[in-house]
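What follows is a group of structures, each given as C-alpha cells.
What follows is a pair of complexes built around chain A, which joins chain B in one and chain C in the other.
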Partner chain A sequence: MNDIFPALFHMLVFPGGLFALVAGLFLKGLDRRVEARMQRRVGPPLWQPFLDIVKLALKQTVIPATAQRTAFLAAPVLGFAGMAVCAALIPVAGAYAGLPGLGDLLVLFYLLPLPAVALMVGGSASSSPFGALGFSREMCMMLAYEVPLLAVLLAVAMKVGAATGVGVEFSLSAVVGYQLAHGSLALDPVMWPALAAYLLFLPGTMGVPPFDVPEAETEVLEGPLLEYSGPALGFFHLASALKTMVVLGLGVAMFFPAPLPGGALVNVAWFLAKCAGLMLLTLTVVKAATGRFRVEQAFLFYLKYPAPLALLSLGLAWRGL
Partner chain B sequence: MSGGATAKTYTLPVGPVHVALEEPMYFRLDVEGEIVRGVELGAGHVHRGMEALALRRTLFQNIVLTERVCSLCSNSHPYTYCMAVENLAGMTVPERAQVLRVIAEEIKRISSHLFNVAVLAHIIGFKSLFMHVMEVREIMQDIKETVYGNRMDLAANCIGGVRYDLDEELTGYLLHGLDSVRGQVEGVHKIYSSDRMLLRRSRGVGVLGAADARELGVVGPVARGSGLELDVRHNAPYGGYALLGVEPVVERDGDVHSRAMVRLREIFVSIELIRRCVRELPGGPTTVLLPEIPAGEALARSEAPRGELVYFLRTDGTDVPNRLKWRVPSYMNWEALGRMMRDCRVSDIALIVNSIDPCISCTER
Partner chain C sequence: MLRKLAARSPWLYRINTGSCNGCDVELLTTACIPRYDVERLGCRYCGSPRHADIVLITGPLTVRLKDKVLRVWEEIPEPKVTVAVGICPVSGGVFRGGYSIAGPVDKYLPIDINVPGCPPRPQAIIEGVIKARDAWLARMGG
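For the complex of A and B:
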C-alpha cells in the first residue's frame, strides 16, 4: 500500500504526468520557435503549445455521425495515459532513480507505440477515408521504425548486461547506474551505431518530416487527425508532447545520463537541457531542412540505415565487445 | 480516365476545399490501397459568369473585368483582350507601349512561375524551401507594387497602349530588383536540380509523353515539359515579341520535375527579356487616340504564364461587345491529368495537379 503513493506521485506529478506535460509542451514551443527562425520567420512565443491546448479544451469535440464513438473518444485518452506512465519510468540521474519495480526497457518498448496505435485506432474509428489512409501509413511506419528501436534497446541491455555479468540487463535504472560508474555509452565506439540508429529513429517516431507520412497535410489532410477537434484533439497533442519527453529522456538515459555535481534541481535542469539539445539536433533541424518521403521510401530508409546500424551494435554487444 | 471503381477500391474525395489546392476543384478518386485507379473532375465552384458579365459592360470596363479573371495571369487577360480590340479596329499600338506591355507580361510570368515552383515544395512537405522561394518572389511583388501600384493586378494595359510609364528611377529600381532575383533564382534552380529528396518525389511522377501531349493538345509549360516546342511568343510572335525573338524552353522527360525545370528556366529567359526591353526602350507615346470601334470580329492570342490564351471578340458598332469569349490555357491541360494520374500514388495526386499549374478561376470564368 505504501508503495502506491510514491508510484502514483511519480506517474502523475514528477517526472511523469504534470512535469512531463509542462516540459514536453515547452520543448514543443522551443521546437516551433527555432524552426521558424531557421525559416527566417519570427515564430510563435515559447508558450504557444499551452495556449493551443487551452483553446482546444474550450472547443467542442465534433464526432462524425458515422464514426465509432467509443473508439473515437477513447483513442486519444489511451495514448495520453500510456505516455504519462512511461514518463515515470525514465530515470533522471542525480534527481530521480526511476521505478524499477514498475517497468523496464521491455515495458517501455511495449508502451512507446501507444500514441501511434491511438492515432491508428482513432483514424480508423473516424470513418473518414483519409483516416483509413493514415491508419495504413502509420502501420507501415511503425513496422519500419520499431525494428531499429528494438535492436537498440536490446543492444543497450546486452552491453550493460555483459559488462555487469547478468547477461541481459533490462532495468533502465541499472543501465543508468552502470553508466554513472563506467562512463556513458555514448563514449563507447561499440554503441555508436546504436546511437546513430536511435537518432534516426527519433524523427520517425515523432512523425516529423521527412517521416510525417501518416499526417501529411497536403496528401491525406492530416490523416487520422482530420476528424478530431476540441478536447479529443487536445489529448492527441498532449500525448505527442509527453511522447517527446519520453523518447528524448530515454535517449538521454540510455546514452549520456551523466549528472552534474549539484542537487536535484540542477540535475533536472541539466536533463531538460540535454533533452532540448537532442530535440534540436534530431527533430528541429531535420524538420526544417527536408521535405517528406513517400511511405515506401520512408519504410525502405529505415530498413537500409537505422536497422543495420542498430543490429551491428547488437551483434557487437552480443559478442561481448 | 474515370470510373475505375471496383470492389477493391474506395472513394477518396479530394476537394473542393483542399490543403494543397489554392482554388476549389473536386476530384473524385477511386483508390486501391495507395494507387489511384480512376479520376473524375467536378468543376464549377468558382464559376462567376464572367462571359455574361462582359456583355453588360462597355469595351473599356471589360479591361478591368478581364484583369480579374485570374490573379496570376492577371496581365495576360487584359493584354490579349486589348490586342483583340486593336485587331478589330485596325489600330497600331506605339512601339514604346508594345515594349512596356512585354515588360509587364514578363514580370507577371516570373512571379507566376516562382509561385508554382514554391507550391511544389510545399506539397512535398518541404516547408522551408517553400518559404524560401516565396521570399524570392517577394522581390517581384515589391517591384510590381512600386512600378504599378499593386502586388497582383497591374492595370497596365488600355486599348491602344499602356497606362504606365518607366522613368529613370523606376528603371533603376526594376533592374536592381531583377539582379537580386536572378542571383536568388540561380540558387533555387540549383536546389531543384540537385536536391535528392525533391528529385525522388518529382522524377518519374506524372509522366506525359510527347505523343500524348500532342494528342491532348496541351499548351504552355506542360507541353514544353514533354518536348513540344509550343510557345506563342515563338510560333506566332505578337506585339513587342515580334521585335525580340523568344526561344522556347523545352525539357524532354514530361514528368513533374521537367515541368518545374521549364518554369525555372523560363524565369531566366524572362529576366533577360526585361533587361533587353529596358535597354532598347524606344521613345514616343505610350498610347494612341481611340477611334470608333467598328462592328466586326477579331481574334488575339498570347502566351500567358500557363500557355496559349485566345480571345475572341465580336462587336456590333456599339460600345458594348456582342460576344467576348476567352479560351484559357488551363482548359487544355485538364484532360492530361487523366493520363498523368494513371496508376499514380495518393501522395502524388496534389503534386501532379500542381504541376499542370491549373488556374481554376481561369477555366471556370
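For the complex of A and C:
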C-alpha cells in the first residue's frame, strides 16, 4: 500500500503526467518556433501547442457513421495512457531514480509502440480508406524502426550487465546508476554506433519528415488522423507531446545522464535542456531540411543503417568490450 | 477566457472549387515564404477538413465540383468560418457566365468574409484570416 502513493505521484505529477505533458508541449512549441526560424519565418509563440489543445477541447467531435465507435474513441486515450505511464519510468539523474522494479527497458520497449498502435487502431476503426492506407504505412514503419530500437536497448543492457557482472541489466535505474558511477555510455566508443542508431530512430518513431510516411498530409491526408476532430484529436496531440518527452528522456537516460552538481531543480532543468538539445538535433533540423521518403525507402533505410549500427554495438558489448 | 485562447489557434483548410490556381498559389505563398508568415498567428494548414476551423474557398465553383465541395464543407466540424478568397467565389470572375460554372459560391454556402482580388495580395489574405478569426471567436460566443 505504501508503494502505491509515491508510484501514483510519479505517474500523475512528476516526472510522468503533468510534468511530462507541460514539458512535452513546450518542446513541441520550441520545435515549431525553431523550424520557423530556420525557414526565416517568425513562427508561432512557444505556448502554441497549449492553445491548440484548448481549441481542440472546445471543438465538436465528429464520428463517421460507418466508424467502429468504441475503438474509434478509445484509441486516442489508449495511446495517451500508455505514454503517461512510460513517462513515469524515465529516471531524471540527480532528481528522480525511476520506479523501483518497474523502470525496465523491456517494459519501455513494449509500451513505446502504443501511440503507433493507437494510430493504427483509430485509423482502421475510422472506416476511411485513407485511414487504412495510413494503417498499413504505420505498420510498415513500425516493423522497420522497432528493430534498431530493440538492438539499442539490448546493447545498453548487455554493456551495463557485463560491466556490473550480472549478465544483462534491464533495469533503467541501474543503467543510470552505473553511468553515474563510471561515466556516460556516450563517452564509450563501443556504444557510439548504438547512440547513432538511437538518434536515427528518433525521427522515425516521432513520425517527422523524412519519415512522416503514415501521416503524409499531401499523400494520404494525414492518414489515420483524417477522421479525428475535437477532443479526440487533442488526445493524439497530447500523446505525441508525451512521446516526445519519453523518447528524448530515454535517450538522455541511456547515453548521457550525467547530472550537474546542485539540487534536484537544477538537474531537472539540465535534463530538460538535454532533451531540448537532442530534439533540435534529431527532429527539428532534420524536419526543416528534408523532404519525405517513400514508404519502402524509409523501411529500407532503417534496416540498412541504424539496425546494423545497433547490432554492431550489441556484438561488441556481448564480447565484453 | 478559454475561447479567447482557443481563437489563437485557427487551423486553415483550403477548398479549390475549380480555381485557376492563382489564388491557391497566393495562399500557399502566404503560409510558406518568410515574408508573410501566418503561422505566427497560430495558423496551420491542415490536410483534413475534420481538423479545420477556417475554410478558405477559391474558384468559381464548377458544375462538376459543386456536390463534392458542399460535401467537404459539411464535413468540417462546428464552429467554422468560411472565407472566399479572390473574386471568383463572389462573382465568377473571368469565368462568369461560362457553361461549366454553377457558382457563385454564396448561392450554396454562407460566406463570412470576402477577400477580393485576382489574385488578392498576401497582406489582404492575412487580413482576411484575422477577420475570420474574430468572426470565429464571436461564433464560439467569446
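Before moving on, here are some points about what is shown:
Going forward, the second predicted complex is superposed on the first by the 320 of 321 C-alpha atoms of A that agree within 3 Å, B and C clash if a C-alpha of one lies under 4 Å from a C-alpha of the other, contacts with A are read in each partner's own complex, and residues count from 1 in each chain.
Note that in this section contacts are C-beta pairs under 8 Å (C-beta built on N, C-alpha and C of every residue); 3 or more make two chains touch, one makes a residue touch a chain.
No experiment lies behind these values; they were computed from the predicted model shown.
When both complexes are superposed on chain A, chain B and chain C clash. Judged by the touch definition given at the top, the superposed model places A:Q60 against chain C, while chain B stays out of reach. By the touch criterion defined above, A:D52 lies against chain C but remains apart from chain B after alignment on the C-alpha atoms of chain A. When the shared chain is aligned, chain B comes close enough to touch A:P209, but chain C does not. Of the two partner chains, chain B is the only one that A:P129 touches; chain C does not reach it. Of the two partner chains placed by superposition, chain B and chain C are both touched by A:R40.
Of the two partner chains, neither chain B nor chain C is touched by A:L311.
Contacts of A:Q297 after superposition on the shared chain: chain B is touched, whereas chain C is not.
In the superposed model, A:M141 lies in contact with neither chain B nor chain C. Taking the listed stretches 4-12, 76-84 or 94-102 of chain C in turn, the superposition on chain A shows a clash with chain B for 94-102 alone. Residue overlap on chain A between its contacts with chain B in one complex and with chain C in the other: 39-41, 217-218, 221. Partner chain C is touched in their complex by these residues of chain A: 32, 36, 39-45, 48, 50-52, 54-55, 57-62, 217-218, 221-222, 225-230, 233.
Touching chain A in their complex are the following residues of chain C: 2-3, 5-11, 32, 34, 37, 39-42, 44, 46-48, 50-51, 53, 75, 77-79, 140.
Taken in their complex, chain A has these residues touching chain B: 38-41, 129-130, 132-133, 136, 209-210, 212-213, 216-221, 288-295, 297.
Touching chain A in their complex are the following residues of chain B: 10-13, 18-20, 31, 33-34, 121-129, 131-132, 135, 197-198, 200-201, 345-350.
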